[in-house]
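Listed below are the structures to be examined.
In the two assemblies presented below, chain A is common to both, partnered first by chain B and then by chain C.
Showing the complex of A and B:
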């Protein structure tokens, strides 16, 4: 599905990624966990084509990021900061994103608007939206477009409790339909509950990658993460 | 709908929501009206202001023809204030998307850089050309009413030539907006270079042929003398090539990911 091999990236004063390897299977929910500055967003930026890597390769369903539009149709990216035109209604913005993917399923869109409880605000200008509402709007767009993989950077930030519940339910349904989820998060308890697998990134390298149950055992992801931050482990492919 | 249509529609919706669709043509209508009205009433204004202090109009001075007045609309109002207003309205065309992160956001969707840029240039050009044309037609109506008529053929060809100069202004400003990050620098550079192009027209025949600003002068010459410059074909070709080159440079610049990421 999504394959990242030997990814390296440096900024002028710092090497951010130092040989990242990651393989995500179809139907998997992978939580990408790491401390601040570990390289999570840089990895996501390279996967989504915002940045070029110095070395390595990324592919989704066998298509590399040099494959142009076909590659970009494989995923829907929800960044941490969602950029919108303030004076455009959320509904029009979602229709615009759908049209870029050649999706015209308005019934499905209306359905997800109800699921995320956005009926009253979806036709208002996005400038009036809170951070959480912008995230809900992006999730509505992602589930309506239904791409092979949804890539998210801190997707739960700003969501109210009922939206978090809807989010969990919808990603399960999406995965059952054959979708794949790759998201970065700081919220370890959420990652532990939602994800099938976890990859921990530290200093530009994956130091742990395995199924959640194999990683945590009788412990918790939080304690494993704290331990991993201190004692670097070898990557354990499952 | 294909990508290009979707992106053009998005830009047009933005123009409507920013009320630009209203104020921008109004500015060009105002500029268009100013020249014939001021030219017509200038003798009366001077007479009223001058009076006993000696400012007067030479009664033997020839009255201006309609073509001369409309040419002055292009050369004075549109080529000076008009160019500045176009540049200021376009300085953020790509820069604001870069600064807000919108460019990176859109380019992570199934969108080609070429579609993004051509959608922007096309929609803004059509809109600005429409505004300029409306201002020009209103200016013509006043000119015909207050002065003399102008042959329809000359009127149309002069407008088309001027709109080619506008095409270069739009594509050039888009290029500068793509390369630089400060709106002040973008506005200053674009205005300085474009007005510089306009100022050097007439200095050298070869420079005139390769200078897109000559399109405006060719239009003015046609309105005043009814004669089309013999170099006009080459100038049209070069203006189109330079406009395409400016868009191509913008395309290359963005494709090499030389945009800011927040």
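Showing the complex of A and C:
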């Protein structure tokens, strides 16, 4: 489904990715875990075409970024910071995104708007949305479009408790329909409950990639994470 | 096609940002109405003073200038910026479609605005049943305006293609600015080289200004004079002749077709240029935003140093702000230089007495002062902080220090501009002892102005911006800050002129004004320290 091989990326004075290899199967929910600055967002940005890599390759269903728009129709990306046109209503934006994927199922859209409790705000300008509302709007778009894979960067951040519940339920339904999920998260308990597979990124390399049950055994993901000493407290000043 | 249309709508809607505060909405509405009203008055005046021929010409000229200015502004904030890249890059839409949508929106917005300001002109022509002129205004005017927009975007698109090669955004914006300035400079040079008519000064001498009829006569002569000079320029003459004549001839049709063809060519080349390296440029834009050069911090016991450093960080946070500062420093000396050259060529009418002893330095000084106020960088210092403005609220910042450090930064920029302008004044050989006093007066007034202009912005900053131009040029606080800053300057300037008019010795007047300025600064600083 999604294949990443020997991915490398450097920023000035810092090598962020140092040969990342990862393979995700169809119908899998993969949690991408790592400390702050481990390179999770950079990896997702490279997969989705927002960033260029220095070395390596990414392919989804045999298509690469060079395949053009067909490649981008294989996934829907929900970044952590969602960039929008401020004066455009969320509803119009989703309709626009649906048209890019040749989806015209407005009934399904209305259904997801209800699921994520956005009836009152979906027709307001996106500039008025909170961080959580932007995430809900993107989730509505993602589930309506129903692409082969949904890629998400910290999808639960900013969601209210009922939206988190809806999110978990919709993920399950989406996977049952044959979809694949690849998301990064800091929330280890959520990853432990939702994911089939976990990949842990440290210093630009995947140090652990296996089924959740194989990784944690009788322990918890949190203790495995701490044991691997990959938890890095963010001491950087703002 | 559907996607391009939708995206065009999104781009058009993101051109403006309605301020949240009702008061600002009202101010903005008044400002827009005032601009429209002003243009309507100019239109009606020309229509009443001159004939239809001249009216059509000036209509075209005003519209072209407006279109050019709008295109410069809109292209900087949207067409040649890649702010939408993170929002669109991961979605299945081609870069050509994005560029097309951006281009169409960049053409439509100025075109629609220019058509709106044509409404009074159209009404006047309808009243007089001048059907051919109406047809030309509706058909040829948008074509010429479209041609102007596309010509500028076509040239700038060559720079934009290689945006990713620029190491920083300031140099990219400066290159664009220089190219944008070249068009008007070239137009003026072209006008000057083809101008064969008598000197404009002679018009003032021939026409008497004693009566209203004399004044109208003078305006009519000036309108005619400029028109005749423009008509000396070969290619332009053909276009204007066809636009202003009251018949539809074969050359008119040919010129229309020619302009449409050239514009179409520019349209496709511009789209090609902007889409070819769109991906590289988009990534470069994101990198420019995320890989900002870290500012070094020098914590000292002197609080001023710390607070001033913070202000420098705010300016350095966006290339647009840096460019604004550079322009703020360069504008007064450049205009001063042009002013001094014009004086050397004796262009100004004798009735203004500009070159008279004790008068020139006053004219020059106040020109520099008001030029420093044009690029109003001191009017929006709190808005420029954007999302970081909240840091001021929940951290123990001293509000007086914050305010005054903003004043000091803005005043330093203005003082550099004032000094450079006065150096030019000295180089041209006009320096006298009194000029030192004038320099001190202007420096003091610039400080007074900068003390007052941030007042409104400190209370109601517009921090919810995405594009930095929203915080600066298109921020309604700019207009309001002028209301805070300018009245004092105007009062002191009138006082100065009044004293001279009363035949009090020029040097003594200058000293009195300097004293007034110093007392004003003292009162303002004292008052601000209490209220902030």
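The working rule: the second predicted complex is superposed on the first by the 229 of 238 C-alpha atoms of A that agree within 3 Å, B and C clash if a C-alpha of one lies under 4 Å from a C-alpha of the other, contacts with A are read in each partner's own complex, and residues count from 1 in each chain.
Rule of thumb we're sticking to: a contact is a pair of C-beta atoms (placed from the backbone, for glycine too) under 8 Å apart; a residue touches a chain by one contact, two chains touch by 3 or more.
In this text the structure is predicted, and so the values were computed from the model without any measurement.
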For the three-chain model obtained by superposing on chain A, do chain B and chain C clash or fit? clash
I want to verify the contact counts: of chain B and chain C, which reaches more residues of chain A? C
Tell me the contact category for A:12 with respect to chain B and chain C: first, second, both or neither. second
A:99 contacts which: chain B (first), chain C (second), both, neither? both
Mind working out whether A:73 is in touch with chain B, chain C, both or neither, as first, second, both or neither? both
The clashing stretch of chain C against chain B, among 19-27, 145-153, 379-387 or 523-531, is 145-153
Common interface residues of chain A - those touching chain B in one complex and chain C in the other: 48-52, 68-69, 72-73, 77, 79, 81-83, 85, 87-88, 92, 96-97, 99-101
Which residues, counting only chain B, touch chain A once they are in their complex? 1, 3, 6, 10, 13-14, 17-18, 100-102, 104-105, 107-112, 257, 261-262
Touching chain B in the complex, chain A uses residues 45, 48-52, 68-69, 72-73, 77, 79, 81-83, 85, 87-88, 92, 96-97, 99-101
Seen from chain C, its contact residues with chain A in the complex are 2-3, 6-7, 9-11, 13-14, 16-17, 84-87, 89-94, 279, 283, 286, 291, 464, 466
Across the complex, what residues on chain A touch chain C? 11-12, 48-52, 68-70, 72-73, 75, 77, 79, 81-88, 92-93, 95-97, 99-101, 127
